[in-house]
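Scrolling down, you'll hit the structures one after another.
Here chain A shows up in two complexes: once beside chain B, once beside chain C.
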Partner chain A sequence: MTAAAKRRKRGNGGFVLACLAPALVLFAVFMIVPTVNVFRMSLYTWSGFSPDMRFVGLDNFRRLLDDDQFVRAFQNTVALLVVVTVVTMGMGLFLAAIMTRQKLSGRNLYRFVLYVPNVLSVVVIAAIFSAVYDQENGLLNGALRVLSLDGLQQVWLGDQRIVLYSVAIAMVWQSLGYYMVLYMSSMSSIPEELYEASSLDGASAGKQFFSITLPLIWQHLRTTLTFFVMSAVNLSFVLVRAMTGGGPDGASEVLLSYMYKQAYTNSSYGYGMAIGVVIFAFSFLVSLLVSRATKREPLQF
Partner chain B sequence: MTITRLGRTLTYVLVAAIALAIAVPVAWVLLASFKAKGEFYDSPWTLPDGLRIQNYVDAFVTAHMGQYFLTSVLVTVLGLVFVLAVSIPAAYVIARYEFRGRGFVEVLLLAGLFVNVNYIVVPIFLMLVGWDRSLADVLPGGFFIDNPAVLSLVYAATSIPFSIYLLTAYFRSIPVDYEEAASLDGASRFLVMTRIMLPMARPAVTTVILFNFLAYWNDFIIALTLLPGDGKTLQVGLLNLMTAQKAAADYGRLYAGMVIVIVPVLILYALIQRRLIEGMAAGGVKG
Partner chain C sequence: MRRRLVLVGAAVTALGLVAGCSGGGGGPDSGKTTLKVAALEGGYGRDMYTQVIDAYKAKNPGVDVQLQISKSIEDEISPNMKAGKFPDVVVLGQGRKAALTETLVKDKALENLTPLLSTKVPGEEKTVGDKLTEGIVGNLNTNPYGGGDTYLMPMYYSPTGLFYNKGLFASKGFKVPATWDEMFALGEQAKAQGLPLFTYPTAGYLDSYFFALLADVGGEQFYTDVMTYKQGVWQTPQAKQVLDITTKLLGYAAPTTVGYANEQDFTKNQQSILENKALFMPNGTWIVGEMKDAPRAAGFQWGLTPLPAVTAGGKRYITTSVESVWIPSSAGHKDAAKDFIAYLYSDEAAAIFAKSNAIQPIAGIAAKLTGENADFYKVYEDPAVSALVGGFASTAPVEGVDIKGTLFDTANSVISGDKTEAQWQTALDEASEKLRQAGN
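Here is the complex of A and B:
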């Protein structure tokens, strides 16, 4: 923009305000105020509905440390994050590399199919997986019976030792296609000459992946990783809420579902908000750590 | 070269297996929605006897999915209207005008990208309950809870950071020459925005509509919290069918309900998949 244009646009206070105010008011009322409230209310005890509200300082946080269910929900969240991130990212990168490098026939069809779960709602995915995991009439146990592998049948959502893996599989199923498509778009911008040159040197496809593809999309990978962590915290909640309700006996409880339970069902609003603060801090910290740990000198092509 | 050929075959098999693992459950739900009650006790891998539509009648009428469908359409459309009405002007002035506090506004909105709605749904709910209570003398029936328009407003508000982020970036990429020419011709600032810039920003607006459509249509946490009465959305209705199925083992109605929820989204996806994927590459982030 030229200096003249900038000058001309001074003295437009009324117009600017009229354009900006509606968005900012909505944003302030429904996002800033509730977010501030999460932090403020974590210092109080309050049932949420009664007028009785008491300031207790950091008591809610102290109680969290002795709360076994909270510790378990925390562990479950971390476990899901680690497993789902590693599997989804690994498979997403692998598939994207095959689709872009190997000129796989029918890859448009594959891309179409793999992206489908990303447009489905979490309730639908939870319902699909309830059908897959159903103990009597489910697809999975049904398939095992057909293959005469009856011994491998499981109560996929009812066994405390298995339920977390069952949730993790549903999470990977949902997000794999999204990340594959994301990486496909960044891989396709790598110039073909780089691969041609290294093929002449006799580099295999696997070697090319690690020495060319991965370093060149690294910055993009870092960004997606940061967002992945946050959306996985969230996805684990909506999926658990719709699929298992945290059960059996808290075995699939995650941080956000436990917060929801405490704040909403159990009416310990302040305590629930303390969990909310932990979630904010946790996802911020993980994002920061991931970003630090993956820092490399940016490479250009 | 047999090793590379073997590797290639294995890769093909693997990719096909992953695609099947995604396609089969979805296709299976579509098929199972036509099964009669008794057929669900046979092997889940059998095909339905015929195209029975009783399950759909049950889902639409008895389980109120038809009514919920209308609620969902209303809430989604209204939410899109709200978010576009407030985000487009705001993004435009952020991209084009110099004003005090612009940097601060931008940082604030950027920080908003990191606040997920599900973190703050309980405070939002209690805030609305509080407003209802203070209005109890004027509106004893309550106004904010169980109001689809308020739900739309909350959807719109929570997607403002993403929408403004995307639109601002696009407005900045359009050369200023067009606007300068138009204002030299005497067009007002409002006309420059609506008649010149808005048509040029159509690709970004489409992307915003697509992603917000999916977010609003597929949400259930906020809808569950803010519409606790009878006027539910489709997703919440489906959640109820899931709970009912666990109690009564009524699979047919649940699967028919799922198909009702899936089909509109799948049709839309098939029509606009290229656009969706291009938009994703441009936006790069998802809420």
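Here is the complex of A and C:
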């Protein structure tokens, strides 16, 4: 390297730093500081307003273990995470495969229709599903009545055993289109020759899906798994808050909604932050585990 | 040329940002005191506040009053409060979801307003304390720590109780029950006609029901014991009786109740009263305005009754919801704020508030009411009926314990059969005990 080139490189460094500085400062102020604060506050008892903050060490976490409501919220979150991920991923893959491999007429329309829910505000979705689930004139119970399946009618948002699955269905409905489009884009980049060659060898559509499509989009699948973890934690909160408020009697409470209740309604800000730390650790851990468990040698075409 | 324009644009934007940041300060110019008033925009609307403030400013040219009013006022003032910028006067009651008032009470961050009671109302002869209805201050709602010091001034009051359709009762020949025995007899009678006796919008609306029932069963002392978490209070026979009555009543609940008892659908439970699909629901006088555009059965007319008496001729309490006005102890202009609050109880201000159906606890005001309101406020005239104000006493926050949730929300589980009365009692006992330990 010549001296002139070296100098230019150094000069560039200063310029790059100046350009990055605003972004870095913003990142620190709005991401790092609040995150560190969550961890710090979880060790205190604080109501949120007073200057009176008391350091209590790990007491907040110890209390969490005895808190039945917290355990229930945790279970609900895990159940939502598993159910929503499995169903959305399965259906998303299935639909994407059909849309890309089969020459369906009007598939652009289907794609559009399935994608629309993703653009809607969650509050709108809550209102739509409140109309769908209405126990008397709702779409669901009404359809069952027309089909003379009155025995299958349920109080979708009032029965403690079903309410969580009612929320799960709304979540699947909301996110299905998004993942379908993601999978479709990765599937359409697989070269057509592979399918032609395999069909000459007599492979069925199912065989092609499992032996060609799935391995070749594996990296994309792994990425979406992380999205699933995040959406199960975040989306479930907004949806539960707008649709059921965690009820009836805490049956649909999820971690974030319980954290909100504790931090604000119950004036236990420190305790709420302890829940926040658990959510952070949990999402982090699950993402890590999922990412490790699905690690494969990347296949290229 | 173009580059210069871009630069000028950027400079203007930057200046705007700086100005925007410094705009909040509002320095004291020309010696005027700027009083910052924050109010919840409730069912009464916002016009009455602007009118009262205009009237106040006309009398006090030296004071500028800034009104901040919103349906979710907590969300708007609390970020500033966390940053140390406090409003001077806040009109906001307890029992809201964000629980800002409760949080400040727990923190002991409110100004002591006891001296205000002996202050003369500006422009009048009487003191604030003289003008107030008897018994409206001195309870846990105004003196949250149980002592003689008042921290929250009662602003508007309204009776809560069981609402029903007078028209339906007249046409069916039902009598409004005076005792619980009559209530359950009516329940059977209505059931035979396919009418459920009871529903509630959401379980949270059971607050007025429970407070009154506790006092009906065990008297005011027992009520105060429950509200202040006396040791073992939920294991007493009175507490058992309260839960017995409630469990029995919930057995008569409309089948749709739990399914609609959420934020999205609670109006559908309210609608079932309007459409004669249930007889009674606990609610407050705001229901009239809230459901004014909803379709209703022919001949519908709102009626309000206190809870039935436990024994014939027994004393009945009516839970009275009271909105509060208070001064944060970190407010900048406390004296001006106190003067403003005193003015809120003047005849002039009361007349403006009453026009919007906001009824202040000023002695003699009930006689001036008209329409449905006159009917509702009449419940206080029955000598066997007393007003009951208050709510659970404030303690230091206890992590994970929410006694209101335990007392009210469990009703959903009792109706569906997911929890038994015994589990309810045990859970209440545990929650109450934890709060008692935190309070002392």
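The rule is short, and it goes like this: the second predicted complex is superposed on the first by the 274 of 301 C-alpha atoms of A that agree within 3 Å, B and C clash if a C-alpha of one lies under 4 Å from a C-alpha of the other, contacts with A are read in each partner's own complex, and residues count from 1 in each chain.
Methods note: contacts are C-beta pairs under 8 Å (C-beta built on N, C-alpha and C of every residue); 3 or more make two chains touch, one makes a residue touch a chain.
Keep in mind the model is a prediction, meaning the values are calculated, not measured.
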{"item": "Fit or clash between chain C and chain B when superposed on chain A", "value": "clash"}
{"item": "Touching partner for A:Tyr264 - first (chain B), second (chain C), both, neither", "value": "both"}
{"item": "Which superposed partner A:Asp159 touches (first chain B, second chain C, both, neither)", "value": "second"}
{"item": "Chain B versus chain C as contact partner of A:Met31, first or second or both or neither", "value": "first"}
{"item": "Touching partner for A:Leu43 - first (chain B), second (chain C), both, neither", "value": "neither"}
{"item": "Chain B versus chain C as contact partner of A:Ala23, first or second or both or neither", "value": "first"}
{"item": "Partner chain in contact with A:Ala242 - chain B first, chain C second, else both or neither", "value": "both"}
{"item": "Chain C versus chain B, contacts on chain A by residue", "value": "B"}
{"item": "Touched partner set for A:Val113, first chain B, second chain C, both or neither", "value": "first"}
{"item": "First (chain B), second (chain C), both or neither touched by A:Asn60", "value": "second"}
{"item": "Contacts of A:Ala127 with chain B and chain C, given as first, second, both or neither", "value": "both"}
{"item": "Selected from 6-14, 60-68, 78-86 or 168-176: the stretch of chain C that, after superposition, runs into chain B", "value": "78-86"}
{"item": "Shared chain A surface residues [contacts with chain B and with chain C]", "value": "48-49, 126-127, 130, 134, 136, 241-242, 264"}
{"item": "List of chain B residues in touch with chain A within their complex", "value": "8, 11-12, 15, 18-19, 21-26, 28-29, 32, 40-41, 43-45, 82, 85-87, 89-90, 92-94, 96-99, 105, 108-109, 112, 114-116, 118-120, 122-127, 129, 153-154, 156-158, 160-161, 164, 176, 180, 183, 189-190, 193, 214, 217-221, 225, 235, 238-239, 242, 251, 254-255, 258, 261-262, 265-266, 268-270, 273, 276-277, 280-281, 284-287"}
{"item": "Chain A-facing residues of chain C, complex", "value": "78, 81-82, 97-99, 102-104, 106-109, 202-203, 256-265, 268, 397-402, 405, 409-413, 416, 418-419"}
{"item": "Residues of chain A defined as touching chain B within the complex", "value": "1-2, 5-6, 8-10, 12-13, 15-16, 18-20, 22-24, 26-27, 29-35, 37-38, 41, 48-49, 91, 95, 98, 102, 104, 109-117, 119-124, 126-132, 134, 136-139, 142-143, 145-146, 173, 176-178, 181-182, 185-186, 223, 227, 230-231, 233-234, 237-238, 241-242, 256, 259-260, 263-264, 269, 272-273, 276, 279-280, 284"}
{"item": "Chain A residues within the chain C interface of the complex", "value": "45, 47-50, 52, 60, 63-64, 66-67, 69-70, 126-127, 130, 134-136, 155-160, 241-245, 247-251, 261-262, 264-268, 270-271"}
